[in-house]
């Protein structure tokens, strides 16, 4: 299992980690298999989405703020309940197929760490399993 | 890895693909294992939900439009940011257990391609792994 | 494959199942591997989130009610469309890495059955795969 540290720079941020995951994968020798990604945090998640136009991540961040806003009646003392909700919606665990030692992503697909309560240094757990 | 083409017929649509996945699985010989489903698109996703009453899909589509509406301040030029948001919420990657060469789904569970920006021809990637 | 019955006690409830999954895992002998969790229901899901402050689950439940409210124009006769929507948002299938026969969770992470239409007895399907 690999541990990939990711430094986030803002309260909310989508960090494209595709190249970093590919760099880890390059150390292996996997013809076909599966890449498993796991985020061990409760206010950050992992998602696959468009990597061409950065406005997609910007719009997604605005949308998630609307979907999971702060509420006066939230009780969690740390005040970051919206970040916890976003984490459960977006998901902590995702997988991608591997072929010829590369991730098989769609033409517009990238892998993102979704920071919802930064800036922080996050750790991702990554496992590559040959078929 | 199998590639399953799915033609969608509307802007937003839930297409029940359970029988198609089962047909691909029937070509294999897996006593127990896991079926991995991956959607390589950024405005379509995969989900498991009720396959008995089609009103569930209709209601779900209405609900998702409310959850991720169009906004005047979205910047993504293609105008389909709501579809990108829905994709990250519903998820591109899902798995189902296999027993006796069949998917082990709950009594009311079906597998759906969730189209958020159709109509288009979508491709799903599917892998069956024996235990 | 293991089947884990979980009795829920309320209409909406997050049940911490981490210890129960660990107890099943203790019967195995896995140095490194993956734990796969699957919920075969369409009005309950599985999620990973904070297990320290129970207010996080309370706040998350409130937030999900806002995200997926009842609507007058929903047609599904059972009246539980909001629970179906929540299920697709939170997800039926999740995985966690295993090391030294234990789940590798983050410091604040627990595994939850998310009940959206209880109280009921739910069944979870669980598989442990060595690497």
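Structural remarks
To keep things simple, chains are lettered A, B and C as they appear, and every chain counts its residues starting from 1.
One rule holds for everything that comes next: contacts are C-beta pairs under 8 Å (C-beta built on N, C-alpha and C of every residue); 3 or more make two chains touch, one makes a residue touch a chain.
In this text the structure is predicted, and so the values were computed from the model without any measurement.
Both copies, chain A and chain C, contribute mostly unmatched positions to the interface they share, with under half of the numbers common to the two. When the CA atoms of chain A are superposed on chain B, the rotation angle comes to 120 degrees (nearest 5). Between chain A and chain C, the centres computed from C-alpha atoms are 20 Å apart. Shown for chain A are the residues in touch with two or more other chains, namely 67, 89, 91, 95.
The touching residues of chain C, counted against chain A in their complex, run 32, 34, 47-50, 53, 55-56, 58-60, 62-64, 66-67, 89-91, 94-97, 99, 104-109, 114, 131. Residues 1, 36, 38-42, 67-68, 71, 73-78, 81-82, 84-85, 87-89, 91-93, 95, 125, 127, 129 of chain B are the ones touching chain A in the complex.
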